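Next up: the structures, one after another.
Presented sequentially are two complexes of chain A, the first with chain B as partner and the second with chain C.
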Partner chain A sequence: MTAPLLEVRDLRVRFDGDDGSVSAVNGVSFAVAPGEALALVGESGSGKSVSMLSVMGLLPPVARVEAGEVLWRGRDLLRLSERELQGVRGREVAMVYQDPQSSLNPALTVGTQLTMVLRHHLGLGRRAARARAAELLALVGIPEPQRRLDEYPHRFSGGQRQRILIALALACDPRLLIADEPTTALDVTIQAQILDLVRRLREQLEMAIVWITHDLGVVAGLVDRVAVMYGGTIVEEAPVRELFAAPSHPYTVGLLAAMPRLDEPRSARLRSIPGAPQSLAAPPVACPFAPRCEWAVARCSEELPALRPAGPLARAACHRADEVRARTEATVTR
Partner chain B sequence: MSDMPTPTPTPAPEPTPPVISVRGLVKHFPIRSGLLRRTTGAVRAVDGVSFDVGAGETLGLVGESGSGKSTLARAVLRLTDVTDGSVLLEGEEVTTLHGGALRSVRARMQMVFQDPLASLNPRMTIGAVLREALDVNDVGAAAGRPARVRELLELVGLDPALLNRYPHQLSGGQRQRVGIARALAPEPRFVVCDEAIAALDVSIQAQIVNLLAQLRDDLGLSYLFISHDLSMVRHLADRVAVLYLGQVVELGPAEELCERPGHPYTAALLSAVPSPDPELEASRARLVLRGDVPSPADPPPGCRFHTRCPFATDRCRVEEPALRELDGSARLVACHHADAERPWQRLDAPRPERHPQ
Partner chain C sequence: MPDTWRRFRRHRLALFGLALLAVLVAAVVFGPFLLPYDGERIDFAAKDLPPSLTHPMGTDELGRDQFSRVLDGGRLTLGVAASAVLVSLVLGVLVGAVAGYAGGLLDSALMRGVDIFYSLPALFVVILLVSLFGPGFLTIVVGIAALTWMNTARLVRASYLTLKEREFVEAARALGVPPTRIALRHILPNALGPVIVTATLGLAIAILIESGLSFLGLGFNPPQATWGGMLQESQRPVISEGHWWRGFFPGLMIFLTVLAANFVGDGLRDALDPRAAGRRRGA
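Moving on to the complex of A and B:
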């Protein structure tokens, strides 16, 4: 295997708020190879977004990285100065956010926003930057790019604004694109367009992707590998086909079962996961999912399970992962 | 993973008169411009919609943003005045009511909103929110209301001990349960759920949908269930109406409509739903619509969908298709080509026959 592009090692992040402090990320480790697409899947509070904000050095002031390393091509980003970090962020690693409405400046034309990035990061001249900006708009499928450069964000639809944000992210030919729920605010039809676009761009530009989402359905056709997060930890990590075919963690099993599917007969009731995720005041000393888990035994509330091999290429953090997997392999319901 | 599925066949709806009967409903918003603010046009948000919802029935309503789903819901509940058309609640015309008569009708039709945090007063305890819903609608004797508040909480699966909590002290799922309890306080017959699960986590969505299904079955409620999540709509709804630019383009039994879409727009919506199956996703041919929904202020001539429809012909560009019955079935489709061999049905959308149980 080639050296990873990004390697996160035992990352731990705390939030100190007025209502006490929260352990948001509790020892997360993962790696992304050049050109690879990884999904971080989890519900609100699972630590998926906070993990990636730490990578980008964009944590809010109340958050503190307590431990860990974020190695970008071997360099620890956590130890870089803000100035050094700016050479990486936006240029080698780019980010796309959920809300295209609030991520674009409404007072500047789309062309101005694109050329600013190009001139700042790549040192292009005015004319070259404008030509490249039009190319970028064409790349993400905006018709009449030359003309539309002079329009303001409100003239574009939600889907087009998300395309423009992707164009902004791609401006400097990044090696890694971090996408935080970029299709959540969009209609399914527009989501399908954006997913198609990202698949095409990934092939065309050979860039790696970290796709952050709460929706397991979206990632099935998009990524190579999936890491499922719960309580600030990765509870399961596997190649995408293995994860969907034979999940090994009860939380993954529960998430998959909670989604009704168009390709299955209807059932009277959905299988829901009882309870709700809780935010943790301290790093977990036992399995954070145990209170909601139908597989839980005494050991689960006493001992934190480590992420360990659970299948050919899968790893799961569950004391009973082997039994869970044996069950999901036996009941190939899909 | 509670709530084990008990696949009991849903009993056929009894041939009772519909709870809600909507006919030719129109809601236009005037566009004013110029110095004199003269009306120069109209946003045709809802443009001639008809449907019934029977007792105990759930009608799903799907469509992209801008299709008029929420405006339709507000017009049906008379939260906005309608431009034209009729809404009958158990036979009583709603669109012309005012004052006290309107208030008493409103108690029988309620709404569950998308964002429970925004729709609950942050300064009122859960108990006060529910008590207010009882007081405003004058439900039962005042003396019995505190007990009724507790009953409502239990009905939606909340511990009555939460009575004195404020909305911000609850989880998203708990808050949505309060939103449902408030809607149920005046003992409505008809409830509109407008994206009621969209803001919730996946594991909580299933809990809320199960609760809605149980309340429907226990209390005989009728729902208009608006959602962008077609899988969820197919799961919960008996019938589905597909809305495009303010008009119903297809209406029919949920499973049938999802398996054999009669309208290319329905097919496109279904095709856009990502399947949690990497094998299928890799092999699937998609019908990806180009572009966005056109402006409802200036809908395309002929079939409103023709500008985005890959199957459109010359006829579609000039002649507006009527909503008509599809080959004698219970399905209504507004497409000139719905009778012919429908090419959109050959799409490799996820359908049950691919995965026989």
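Moving on to the complex of A and C:
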């Protein structure tokens, strides 16, 4: 593997609240190679967004990074000053948010918002920035870009606004695009269009992507690798095909089983994982998934499993990963 | 902004107010050049005349043409009011934006400053200023601004407090836009709507304060005319000699200006606040 673009090592983040504190991220490590697309999958509160916000240095004030390193091309982003971070954000790492309705400034034209970023990071002149802004709108598939630069966000549809947010993120040719569930607020057909767009842009611009989502199905056709998060840790990490074909962690098995399938009778009820995830007051000392796990044995509630190899290219944090994998490999190759 | 203008245009009273303001401003700016009399020319042969075709607003006890004096005085009155509103606005927006965006200790310190200014007795401050620096244009502008900027500061601070939590601010931060630029370019345009409205209403207040000061003899010195000053000079002639036109016309000008400014402010508030427009439609 080439030198990673982004490498997160043993990241730990706590939230301090009035009623005690919560361990949101408990020793997360992963790496993204140049041009690679990684999906961070997990349910709400699994720590996926918090992990990426710490990469950007955009954690809310109540959050505290307790330990870990976030190496961006060898530099630890956690140690940079706010001013230095401003040079990285938007320029080298850009982020697309979930809600296209509220992530654009309603009082500024789309052109103003685009040129502001271009002029700030690239030092472009007024004309050059405007020309580039129109190019960007065309790139993300907004018709009549020249004219629409002068319009305010409310004149665009939800899907178009998400396209504009992507254009904003891509404005300065970042090497890494972080997408925080950018399709959840959109209906399914628009969702598919946005996914197509990102897939095309990724090939065209050769950038790396970290796609945060709770929906495995959304990312299947888009990313190279998937990291599944639960309780603030990565429980399994594998190339996307391997993960779908032979998951090694019971939680991943459960997630895959919970997806609606076209090749099953429609009357079949959607399966769910029993129980609910708990927020942790302290970093876990045992497997956080054990209380909900059908594979759980005594050891699971005594010892925290480490992330270790579980297949050709997969890693899983489960004491019984080999058994789980053997079972999933044996059942129908889906 | 084109939407704002469209909504504003639907507001009849506001349009009327805007037209009235335009006429008033044009009259005080260009009027004195067009009139045959000089507002300060004394002509004892024509003293104390009631309104007529030659002197539409009558003359005073020195035979000065009241119409010319009203237009002359209007320049100063409107000039003072506009400048005071501008100063008060800049100060208020600056303090409010810094306090709301920075938060913490700076916010507390600035807001206690606002409280102090609120609790100062207005008249006392102005009397102090005037007696220290003499009754000049600058003194009066500063005096009025010092009495009125706090509202704007509180308003802007409140807007900043809510706006800085909005997602587009977070998104701008994620794009590496530095904080000062976020405060100026991203938040300010969103916070300015209510401020513009207070500004138009502030114009009315400034005119009234200036008139009040002149009325108390704390404004500009004679022979310099202002509407408030003329009103004050007219006390005796109106009451003891029945020369109603001495007070009526300057008062009318103040009344019209304040009314027009209020109409415009009302219209702007409806035009700039989409929710108010929605209520209007729904009703």
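As a convention for this text, the second predicted complex is superposed on the first by the 330 of 334 C-alpha atoms of A that agree within 3 Å, B and C clash if a C-alpha of one lies under 4 Å from a C-alpha of the other, contacts with A are read in each partner's own complex, and residues count from 1 in each chain.
Criterion: a residue touches a chain if its C-beta (ideal position, glycine included) is under 8 Å from a C-beta of that chain, and two chains touch if they have at least 3 such contacts.
As the structure is a prediction and not an experimental result, all values here were calculated from the model.
When both complexes are overlaid on chain A, the residue A:A258 reaches chain B alone and has no touch with chain C. By the touch criterion stated above, A:A169 is placed in contact with chain C alone, chain B being left untouched.
Here chain B and chain C are compared by how many residues of chain A each touches, and B touches more. In the superposition on chain A, A:G159 contacts chain B only, with no contact to chain C.
Touch criterion not met for A:V22: it reaches neither chain B nor chain C.
In the superposition on chain A, no contact is made by A:L38 with either chain B or chain C. Common to the chain B and chain C interfaces on chain A is no residue. Within the complex, the chain A residues that touch chain C are 56, 58, 83, 85-91, 94-95, 97, 99, 102-108, 112, 116-117, 120-121, 165, 168-169, 171.
Taken together, the chain A residues at the contact with chain B in this complex read 43-44, 157-160, 187-193, 195-196, 214-218, 220-222, 240-241, 244, 250, 253-274, 276-277, 294, 334. Within the complex formed with chain A, the residues of chain C that make contact are 166-168, 170-178, 181, 185-186, 189-190. Partner chain A is touched in their complex by these residues of chain B: 1-8, 10, 64-65, 171-174, 201-207, 209-210, 213-214, 228, 230-232, 234-235, 254-255, 258, 268-282, 284, 286, 288-290, 292, 349-352, 354-355, 357.
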